[in-house]
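Since the structure comes first, as C-alpha coordinates, the remarks are kept for the end.
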Amino acid sequence: MIKVVFFAALREQLNCSELSLSSENLTTIADLKAELASKDDKWQQVFANSALLSAVNHDMVNSEQAIEAGDEVAFFPPVTGG
Amino acid sequence: MIKVVFFAALREQLNCSELSLSSENLTTIADLKAELASKDDKWQQVFANSALLSAVNHDMVNSEQAIEAGDEVAFFPPVTGG
Amino acid sequence: MTENTSPEISIQTTDFSLADEVALLEHENACDGAVVTFTGRVRDRNEGKHVTSLTLEHYPGMTEKSLAKILCTAKVRWRLGRVKVIHRVGELFIGDQIVFVGVTSKHRQDAFAANEFIMDYLKVQAPFWKKESTEQGNNWLDAKTSDENKAAKW
Amino acid sequence: MTENTSPEISIQTTDFSLADEVALLEHENACDGAVVTFTGRVRDRNEGKHVTSLTLEHYPGMTEKSLAKILCTAKVRWRLGRVKVIHRVGELFIGDQIVFVGVTSKHRQDAFAANEFIMDYLKVQAPFWKKESTEQGNNWLDAKTSDENKAAKW
(Lines give C-alpha, C1' and ligand atoms only; values in the text may rest on other atoms or scores of the structure.)
Protein backbone atom coordinates (compact mmCIF):
# COMPACT_ATOMS: atom_id res chain seq x y z
CA MET A 1 0.00 0.00 0.00
CA ILE A 2 0.94 3.63 -0.51
CA LYS A 3 -0.17 6.22 2.02
CA VAL A 4 -1.24 9.48 0.37
CA VAL A 5 -1.69 12.71 2.37
CA PHE A 6 -3.01 16.13 1.35
CA PHE A 7 -2.48 19.54 2.94
CA ALA A 8 -3.88 23.05 3.13
CA ALA A 9 -6.08 24.28 0.24
CA LEU A 10 -5.69 20.90 -1.48
CA ARG A 11 -6.96 19.03 1.57
CA GLU A 12 -9.98 21.35 1.73
CA GLN A 13 -10.74 21.12 -2.01
CA LEU A 14 -10.65 17.33 -1.91
CA ASN A 15 -12.23 17.20 1.53
CA CYS A 16 -9.68 14.48 2.26
CA SER A 17 -6.56 14.51 4.39
CA GLU A 18 -5.33 10.95 3.91
CA LEU A 19 -6.01 7.79 1.92
CA SER A 20 -4.30 4.51 1.05
CA LEU A 21 -3.90 2.96 -2.38
CA SER A 22 -2.56 -0.34 -3.61
CA SER A 23 0.87 0.20 -5.09
CA GLU A 24 0.08 -2.18 -7.97
CA ASN A 25 0.45 -0.51 -11.38
CA LEU A 26 1.83 2.65 -9.74
CA THR A 27 5.48 3.12 -10.65
CA THR A 28 5.92 6.90 -10.38
CA ILE A 29 4.33 9.99 -8.87
CA ALA A 30 2.90 10.72 -12.34
CA ASP A 31 1.08 7.35 -12.29
CA LEU A 32 -0.31 8.08 -8.85
CA LYS A 33 -1.51 11.52 -9.92
CA ALA A 34 -3.23 10.06 -12.98
CA GLU A 35 -4.91 7.41 -10.81
CA LEU A 36 -6.18 10.04 -8.34
CA ALA A 37 -7.31 12.38 -11.13
CA SER A 38 -9.42 9.59 -12.62
CA LYS A 39 -11.65 9.53 -9.53
CA ASP A 40 -14.07 12.25 -10.68
CA ASP A 41 -14.23 15.74 -12.21
CA LYS A 42 -13.22 17.50 -9.00
CA TRP A 43 -10.11 15.35 -8.52
CA GLN A 44 -9.36 15.67 -12.24
CA GLN A 45 -9.42 19.45 -11.93
CA VAL A 46 -7.34 19.57 -8.76
CA PHE A 47 -4.59 17.37 -10.17
CA ALA A 48 -4.50 19.35 -13.41
CA ASN A 49 -2.85 22.17 -11.43
CA SER A 50 0.79 22.16 -12.46
CA ALA A 51 1.81 24.20 -9.40
CA LEU A 52 1.00 21.26 -7.10
CA LEU A 53 4.01 19.98 -5.16
CA SER A 54 4.75 16.37 -4.24
CA ALA A 55 6.87 14.74 -1.56
CA VAL A 56 7.85 11.13 -1.00
CA ASN A 57 8.80 10.15 2.53
CA HIS A 58 9.15 13.83 3.50
CA ASP A 59 11.41 14.81 0.60
CA MET A 60 10.21 17.10 -2.18
CA VAL A 61 10.20 15.20 -5.52
CA ASN A 62 9.07 15.68 -9.12
CA SER A 63 6.59 13.58 -11.11
CA GLU A 64 9.23 11.18 -12.42
CA GLN A 65 10.04 10.02 -8.89
CA ALA A 66 9.62 6.27 -8.44
CA ILE A 67 7.30 5.10 -5.64
CA GLU A 68 6.83 1.75 -3.99
CA ALA A 69 4.78 0.00 -1.34
CA GLY A 70 5.25 1.54 2.10
CA ASP A 71 5.94 5.03 0.81
CA GLU A 72 4.21 8.09 2.19
CA VAL A 73 3.34 10.41 -0.66
CA ALA A 74 2.15 13.97 -0.02
CA PHE A 75 0.51 16.47 -2.35
CA PHE A 76 0.18 20.12 -1.43
CA PRO A 77 0.11 23.68 -2.81
CA PRO A 78 3.25 25.85 -2.91
CA VAL A 79 4.29 26.59 0.66
CA THR A 80 3.63 29.93 2.36
CA GLY A 81 5.25 29.77 5.80
CA GLY A 82 7.70 32.12 7.46
CA MET B 1 41.40 80.04 15.68
CA ILE B 2 41.00 76.47 14.58
CA LYS B 3 40.35 73.78 17.18
CA VAL B 4 42.24 70.57 16.43
CA VAL B 5 41.41 67.26 18.15
CA PHE B 6 43.12 63.87 18.05
CA PHE B 7 41.77 60.42 18.85
CA ALA B 8 42.79 56.88 19.75
CA ALA B 9 46.33 55.75 18.79
CA LEU B 10 47.04 59.17 17.30
CA ARG B 11 46.14 60.95 20.54
CA GLU B 12 48.45 58.59 22.45
CA GLN B 13 51.34 58.92 19.99
CA LEU B 14 51.17 62.71 20.13
CA ASN B 15 50.30 62.71 23.83
CA CYS B 16 47.80 65.42 22.93
CA SER B 17 44.03 65.35 22.68
CA GLU B 18 43.32 68.94 21.68
CA LEU B 19 45.02 72.16 20.63
CA SER B 20 44.19 75.50 19.01
CA LEU B 21 45.98 77.15 16.11
CA SER B 22 45.62 80.50 14.42
CA SER B 23 43.82 80.04 11.13
CA GLU B 24 46.19 82.51 9.44
CA ASN B 25 48.00 80.94 6.45
CA LEU B 26 45.97 77.75 6.79
CA THR B 27 43.62 77.34 3.82
CA THR B 28 43.17 73.59 3.62
CA ILE B 29 43.52 70.43 5.67
CA ALA B 30 46.78 69.78 3.81
CA ASP B 31 48.14 73.14 5.07
CA LEU B 32 47.14 72.27 8.62
CA LYS B 33 48.79 68.85 8.39
CA ALA B 34 52.01 70.40 7.09
CA GLU B 35 51.95 72.94 9.91
CA LEU B 36 51.48 70.24 12.56
CA ALA B 37 54.11 67.97 10.97
CA SER B 38 56.66 70.79 11.22
CA LYS B 39 56.54 70.75 15.03
CA ASP B 40 59.17 68.04 15.50
CA ASP B 41 60.29 64.62 14.29
CA LYS B 42 57.55 62.77 16.15
CA TRP B 43 54.77 64.91 14.69
CA GLN B 44 56.45 64.73 11.28
CA GLN B 45 56.38 60.95 11.44
CA VAL B 46 52.78 60.72 12.64
CA PHE B 47 51.45 63.00 9.91
CA ALA B 48 53.39 61.13 7.22
CA ASN B 49 50.91 58.27 7.69
CA SER B 50 48.66 58.34 4.64
CA ALA B 51 46.01 56.20 6.34
CA LEU B 52 45.22 59.05 8.76
CA LEU B 53 41.61 60.31 8.49
CA SER B 54 40.43 63.89 8.87
CA ALA B 55 37.08 65.46 9.74
CA VAL B 56 35.93 69.06 9.70
CA ASN B 57 32.98 69.96 11.92
CA HIS B 58 32.16 66.26 12.35
CA ASP B 59 32.17 65.38 8.65
CA MET B 60 34.86 63.19 7.12
CA VAL B 61 36.91 65.19 4.57
CA ASN B 62 39.99 64.79 2.40
CA SER B 63 43.15 66.93 2.42
CA GLU B 64 41.85 69.42 -0.16
CA GLN B 65 39.02 70.45 2.17
CA ALA B 66 39.05 74.21 2.91
CA ILE B 67 39.15 75.25 6.57
CA GLU B 68 38.46 78.54 8.29
CA ALA B 69 38.44 80.19 11.69
CA GLY B 70 35.98 78.53 14.06
CA ASP B 71 36.26 75.09 12.50
CA GLU B 72 36.82 71.96 14.55
CA VAL B 73 39.27 69.72 12.77
CA ALA B 74 39.87 66.13 13.86
CA PHE B 75 42.62 63.68 12.96
CA PHE B 76 42.35 60.00 13.74
CA PRO B 77 43.31 56.50 12.59
CA PRO B 78 40.92 54.36 10.52
CA VAL B 79 37.90 53.52 12.67
CA THR B 80 37.42 50.12 14.32
CA GLY B 81 34.03 50.18 16.04
CA GLY B 82 31.11 47.79 15.77
CA MET C 1 2.81 18.75 19.38
CA THR C 2 5.36 17.39 17.01
CA GLU C 3 8.31 15.47 18.30
CA ASN C 4 11.36 17.51 17.39
CA THR C 5 14.41 15.63 16.23
CA SER C 6 16.95 18.42 16.68
CA PRO C 7 17.31 20.95 19.49
CA GLU C 8 17.97 23.51 16.74
CA ILE C 9 14.45 23.19 15.34
CA SER C 10 11.16 23.68 17.10
CA ILE C 11 7.65 23.61 15.64
CA GLN C 12 5.24 24.74 18.31
CA THR C 13 1.85 26.27 18.97
CA THR C 14 3.12 28.27 21.96
CA ASP C 15 4.85 31.64 21.82
CA PHE C 16 8.61 32.01 22.29
CA SER C 17 10.84 34.57 23.98
CA LEU C 18 13.39 36.33 21.78
CA ALA C 19 15.45 37.16 24.88
CA ASP C 20 15.51 33.55 26.09
CA GLU C 21 16.45 32.23 22.65
CA VAL C 22 19.29 34.72 22.25
CA ALA C 23 20.49 33.99 25.79
CA LEU C 24 20.76 30.30 24.83
CA LEU C 25 22.63 31.14 21.63
CA GLU C 26 25.09 33.27 23.62
CA HIS C 27 25.44 31.10 26.75
CA GLU C 28 29.04 29.98 27.26
CA ASN C 29 29.71 31.09 23.71
CA ALA C 30 32.55 33.61 23.96
CA CYS C 31 33.98 32.82 20.54
CA ASP C 32 31.08 34.22 18.51
CA GLY C 33 31.11 37.99 18.13
CA ALA C 34 28.06 38.26 15.89
CA VAL C 35 24.43 37.40 16.63
CA VAL C 36 21.74 37.97 13.98
CA THR C 37 18.07 37.34 14.61
CA PHE C 38 15.05 37.41 12.37
CA THR C 39 11.54 37.55 13.79
CA GLY C 40 8.50 37.28 11.54
CA ARG C 41 5.21 38.63 12.89
CA VAL C 42 1.57 38.72 11.84
CA ARG C 43 0.90 42.00 10.04
CA ASP C 44 -2.42 43.85 10.24
CA ARG C 45 -2.64 44.18 6.45
CA ASN C 46 -1.78 41.98 3.51
CA GLU C 47 -2.26 43.06 -0.08
CA GLY C 48 -4.64 45.80 0.97
CA LYS C 49 -6.86 43.64 3.18
CA HIS C 50 -7.27 44.00 6.96
CA VAL C 51 -6.13 40.73 8.51
CA THR C 52 -7.68 39.56 11.78
CA SER C 53 -5.74 36.32 12.21
CA LEU C 54 -3.60 33.72 10.45
CA THR C 55 -3.90 29.98 10.83
CA LEU C 56 -0.74 28.01 10.13
CA GLU C 57 -0.85 24.39 9.02
CA HIS C 58 2.23 22.25 8.48
CA TYR C 59 3.26 18.72 7.49
CA PRO C 60 4.66 17.14 10.68
CA GLY C 61 7.77 15.14 9.98
CA MET C 62 8.52 16.73 6.64
CA THR C 63 8.73 20.17 8.23
CA GLU C 64 11.51 19.13 10.58
CA LYS C 65 13.31 17.20 7.83
CA SER C 66 13.22 20.09 5.37
CA LEU C 67 14.39 22.59 8.02
CA ALA C 68 17.20 20.23 9.05
CA LYS C 69 18.38 20.10 5.43
CA ILE C 70 18.29 23.90 5.17
CA LEU C 71 20.32 24.28 8.39
CA CYS C 72 22.80 21.66 7.23
CA THR C 73 23.30 23.50 3.94
CA ALA C 74 23.77 26.81 5.78
CA LYS C 75 26.42 25.26 8.04
CA VAL C 76 28.33 23.97 5.04
CA ARG C 77 28.19 27.31 3.23
CA TRP C 78 29.05 29.61 6.15
CA ARG C 79 31.14 29.40 9.33
CA LEU C 80 28.39 29.30 11.92
CA GLY C 81 28.44 28.91 15.66
CA ARG C 82 24.92 28.16 16.84
CA VAL C 83 21.61 28.14 15.03
CA LYS C 84 17.98 28.04 16.15
CA VAL C 85 14.77 27.99 14.14
CA ILE C 86 11.32 28.20 15.74
CA HIS C 87 8.10 28.19 13.72
CA ARG C 88 4.68 28.45 15.28
CA VAL C 89 1.57 26.71 13.96
CA GLY C 90 -2.11 27.10 14.77
CA GLU C 91 -4.07 30.36 14.95
CA LEU C 92 -2.05 33.56 15.42
CA PHE C 93 -3.20 37.15 15.80
CA ILE C 94 -1.96 40.62 14.78
CA GLY C 95 1.54 41.28 16.12
CA ASP C 96 2.08 37.65 17.19
CA GLN C 97 5.46 36.14 16.52
CA ILE C 98 5.35 33.52 13.74
CA VAL C 99 8.96 32.54 13.14
CA PHE C 100 12.38 33.04 14.72
CA VAL C 101 15.77 32.42 13.15
CA GLY C 102 18.84 33.06 15.30
CA VAL C 103 22.42 32.56 14.15
CA THR C 104 25.77 33.20 15.81
CA SER C 105 29.15 33.37 14.13
CA LYS C 106 32.64 34.70 14.71
CA HIS C 107 31.99 37.26 12.01
CA ARG C 108 28.94 39.26 11.06
CA GLN C 109 28.95 38.55 7.33
CA ASP C 110 28.41 34.82 7.89
CA ALA C 111 25.69 35.44 10.46
CA PHE C 112 23.76 37.84 8.20
CA ALA C 113 24.07 35.67 5.09
CA ALA C 114 23.16 32.40 6.82
CA ASN C 115 20.15 33.92 8.59
CA GLU C 116 18.74 35.37 5.38
CA PHE C 117 19.48 32.13 3.48
CA ILE C 118 17.62 30.08 6.10
CA MET C 119 14.59 32.38 5.92
CA ASP C 120 14.61 32.42 2.11
CA TYR C 121 14.68 28.62 1.91
CA LEU C 122 12.18 28.17 4.72
CA LYS C 123 9.81 30.35 2.70
CA VAL C 124 9.92 28.10 -0.38
CA GLN C 125 10.79 24.63 0.92
CA ALA C 126 9.40 24.10 4.41
CA PRO C 127 5.84 22.74 4.29
CA PHE C 128 3.90 25.45 6.10
CA TRP C 129 0.72 27.05 4.78
CA LYS C 130 -1.01 30.21 5.94
CA LYS C 131 -4.74 30.75 5.93
CA GLU C 132 -5.74 34.34 6.39
CA SER C 133 -8.89 35.53 8.16
CA THR C 134 -10.00 38.94 6.92
CA GLU C 135 -13.20 40.96 7.02
CA GLN C 136 -13.93 39.47 3.58
CA GLY C 137 -13.62 35.87 4.82
CA ASN C 138 -10.91 33.22 4.96
CA ASN C 139 -8.46 32.35 2.25
CA TRP C 140 -5.26 30.39 1.79
CA LEU C 141 -2.35 32.64 0.86
CA ASP C 142 -0.80 32.26 -2.56
CA ALA C 143 2.92 31.60 -2.79
CA LYS C 144 4.90 34.55 -4.18
CA THR C 145 7.04 34.32 -7.28
CA SER C 146 9.33 36.86 -5.61
CA ASP C 147 10.07 34.34 -2.85
CA GLU C 148 11.00 31.70 -5.44
CA ASN C 149 13.25 34.16 -7.21
CA LYS C 150 14.90 35.29 -3.98
CA ALA C 151 15.73 31.73 -2.93
CA ALA C 152 17.06 30.92 -6.39
CA LYS C 153 19.68 33.67 -6.08
CA TRP C 154 21.71 31.91 -3.39
CA MET D 1 27.47 60.57 28.67
CA THR D 2 26.91 62.07 25.27
CA GLU D 3 23.76 64.01 24.57
CA ASN D 4 21.94 62.07 21.88
CA THR D 5 20.26 64.05 19.16
CA SER D 6 18.02 61.28 17.84
CA PRO D 7 16.00 58.66 19.72
CA GLU D 8 17.18 56.20 17.05
CA ILE D 9 20.83 56.53 18.13
CA SER D 10 22.37 55.95 21.53
CA ILE D 11 26.03 56.04 22.53
CA GLN D 12 26.29 54.79 26.08
CA THR D 13 28.60 53.19 28.63
CA THR D 14 25.78 51.12 30.13
CA ASP D 15 24.55 47.79 28.86
CA PHE D 16 21.29 47.44 26.90
CA SER D 17 18.53 44.84 26.80
CA LEU D 18 17.88 43.18 23.44
CA ALA D 19 14.37 42.26 24.60
CA ASP D 20 13.53 45.83 25.64
CA GLU D 21 14.87 47.27 22.39
CA VAL D 22 12.91 44.82 20.25
CA ALA D 23 9.79 45.45 22.34
CA LEU D 24 10.12 49.17 21.53
CA LEU D 25 10.61 48.47 17.84
CA GLU D 26 7.47 46.29 17.82
CA HIS D 27 5.27 48.36 20.15
CA GLU D 28 2.08 49.52 18.38
CA ASN D 29 3.74 48.55 15.13
CA ALA D 30 1.38 46.06 13.51
CA CYS D 31 2.34 46.97 9.95
CA ASP D 32 5.89 45.59 10.08
CA GLY D 33 6.12 41.83 9.64
CA ALA D 34 9.93 41.59 9.75
CA VAL D 35 12.33 42.38 12.58
CA VAL D 36 16.07 41.86 12.10
CA THR D 37 18.57 42.44 14.89
CA PHE D 38 22.34 42.41 14.95
CA THR D 39 24.25 42.19 18.23
CA GLY D 40 28.02 42.51 18.33
CA ARG D 41 29.81 41.07 21.38
CA VAL D 42 33.34 41.00 22.77
CA ARG D 43 35.01 37.77 21.64
CA ASP D 44 37.53 35.91 23.78
CA ARG D 45 40.05 35.68 20.94
CA ASN D 46 41.15 37.98 18.18
CA GLU D 47 43.74 37.03 15.59
CA GLY D 48 45.02 34.23 17.80
CA LYS D 49 45.40 36.30 20.98
CA HIS D 50 43.41 35.84 24.18
CA VAL D 51 41.51 39.04 24.81
CA THR D 52 40.70 40.07 28.38
CA SER D 53 38.87 43.33 27.64
CA LEU D 54 38.22 45.99 25.01
CA THR D 55 38.17 49.72 25.61
CA LEU D 56 36.08 51.72 23.18
CA GLU D 57 36.81 55.37 22.49
CA HIS D 58 34.68 57.58 20.24
CA TYR D 59 34.42 61.15 18.96
CA PRO D 60 31.37 62.64 20.67
CA GLY D 61 29.29 64.69 18.27
CA MET D 62 30.78 63.22 15.13
CA THR D 63 29.67 59.72 16.15
CA GLU D 64 26.03 60.73 16.31
CA LYS D 65 26.28 62.76 13.11
CA SER D 66 27.88 59.94 11.14
CA LEU D 67 25.36 57.38 12.42
CA ALA D 68 22.48 59.72 11.58
CA LYS D 69 23.76 59.99 8.02
CA ILE D 70 24.04 56.19 7.74
CA LEU D 71 20.46 55.72 9.01
CA CYS D 72 19.18 58.41 6.67
CA THR D 73 20.82 56.68 3.72
CA ALA D 74 19.37 53.31 4.77
CA LYS D 75 15.87 54.82 4.97
CA VAL D 76 16.18 56.22 1.48
CA ARG D 77 17.46 52.95 0.04
CA TRP D 78 15.01 50.56 1.73
CA ARG D 79 11.41 50.68 2.94
CA LEU D 80 11.98 50.68 6.68
CA GLY D 81 9.64 50.93 9.61
CA ARG D 82 11.69 51.61 12.74
CA VAL D 83 15.43 51.66 13.33
CA LYS D 84 17.61 51.69 16.44
CA VAL D 85 21.38 51.78 16.83
CA ILE D 86 23.12 51.46 20.20
CA HIS D 87 26.90 51.51 20.58
CA ARG D 88 28.64 51.17 23.90
CA VAL D 89 31.89 52.92 24.83
CA GLY D 90 34.33 52.47 27.72
CA GLU D 91 35.78 49.20 28.95
CA LEU D 92 33.94 46.01 27.98
CA PHE D 93 34.66 42.39 28.88
CA ILE D 94 34.34 38.98 27.20
CA GLY D 95 30.77 38.30 26.09
CA ASP D 96 29.65 41.90 26.72
CA GLN D 97 27.36 43.46 24.16
CA ILE D 98 29.11 46.18 22.12
CA VAL D 99 26.63 47.19 19.46
CA PHE D 100 22.97 46.68 18.58
CA VAL D 101 21.24 47.38 15.31
CA GLY D 102 17.51 46.70 15.07
CA VAL D 103 15.38 47.28 12.00
CA THR D 104 11.73 46.62 11.24
CA SER D 105 10.08 46.55 7.84
CA LYS D 106 6.97 45.25 6.12
CA HIS D 107 9.19 42.77 4.27
CA ARG D 108 12.19 40.75 5.33
CA GLN D 109 14.46 41.59 2.41
CA ASP D 110 14.50 45.29 3.30
CA ALA D 111 15.09 44.55 6.99
CA PHE D 112 18.02 42.21 6.31
CA ALA D 113 19.66 44.48 3.73
CA ALA D 114 19.27 47.68 5.76
CA ASN D 115 20.59 46.07 8.96
CA GLU D 116 23.70 44.72 7.25
CA PHE D 117 24.23 48.03 5.40
CA ILE D 118 24.06 49.98 8.67
CA MET D 119 26.61 47.65 10.31
CA ASP D 120 28.92 47.73 7.29
CA TYR D 121 28.93 51.54 7.21
CA LEU D 122 29.19 51.88 10.99
CA LYS D 123 32.34 49.73 10.76
CA VAL D 124 34.11 52.09 8.35
CA GLN D 125 32.58 55.53 8.95
CA ALA D 126 31.54 55.93 12.58
CA PRO D 127 34.41 57.27 14.71
CA PHE D 128 34.87 54.46 17.24
CA TRP D 129 38.20 52.89 18.10
CA LYS D 130 38.90 49.67 19.98
CA LYS D 131 41.86 49.11 22.25
CA GLU D 132 42.41 45.48 23.09
CA SER D 133 43.83 44.21 26.39
CA THR D 134 45.50 40.84 25.97
CA GLU D 135 47.97 38.78 27.94
CA GLN D 136 50.65 40.37 25.73
CA GLY D 137 49.61 43.92 26.63
CA ASN D 138 47.36 46.61 25.20
CA ASN D 139 47.06 47.59 21.56
CA TRP D 140 44.79 49.59 19.31
CA LEU D 141 43.11 47.40 16.72
CA ASP D 142 43.97 47.89 13.07
CA ALA D 143 41.17 48.59 10.62
CA LYS D 144 40.48 45.72 8.24
CA THR D 145 40.67 46.05 4.47
CA SER D 146 37.87 43.48 4.30
CA ASP D 147 35.56 45.93 6.11
CA GLU D 148 36.39 48.66 3.59
CA ASN D 149 35.73 46.28 0.72
CA LYS D 150 32.46 45.07 2.21
CA ALA D 151 31.11 48.61 2.66
CA ALA D 152 32.18 49.54 -0.87
CA LYS D 153 29.97 46.81 -2.32
CA TRP D 154 26.67 48.50 -1.39
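For this structure, a couple of remarks:
Going in written order, the chains are labelled A, B, C and D, and every chain counts its residues from 1.
FYI, a contact is a pair of C-beta atoms (placed from the backbone, for glycine too) under 8 Å apart; a residue touches a chain by one contact, two chains touch by 3 or more.
Not measured: the values here are computed from a predicted model.
Of all chains in the assembly, none touches chain A and also chain C.
Graph distance from chain A to chain D, where chains that touch are one step apart, equals 2. Centre to centre, using the average C-alpha position, chain B and chain C are separated by 49 Å. Per-chain Cα centroids separate chain A from chain B by 72 Å.
Note: centroid distance chain B to chain D, computed from Cα atoms, is 26 Å.
Centres computed as Cα averages put chain C at a distance of 24 Å from chain D. Chain contacts: chain A has residues 82 touching two or more partner chains. Of all residues in chain C, those that touch two or more other chains are 40, 108, 119.
All chain pairs in contact, by the document's touch criterion: A-C, B-D, C-D. Against chain B, the residues of chain D that register as touching in their complex are 40, 56-59, 61-62, 65-66, 87, 98-99, 119, 122-131, 140-143. By the touch rule above, chain B contacts chain D in their complex via residues 5, 7-9, 12, 51, 55, 58-60, 74, 76-82.
Within the complex, the chain C residues that touch chain D are 17-19, 22, 26, 29-45, 94-95, 106, 108-109, 111-112, 115-116, 119, 150.
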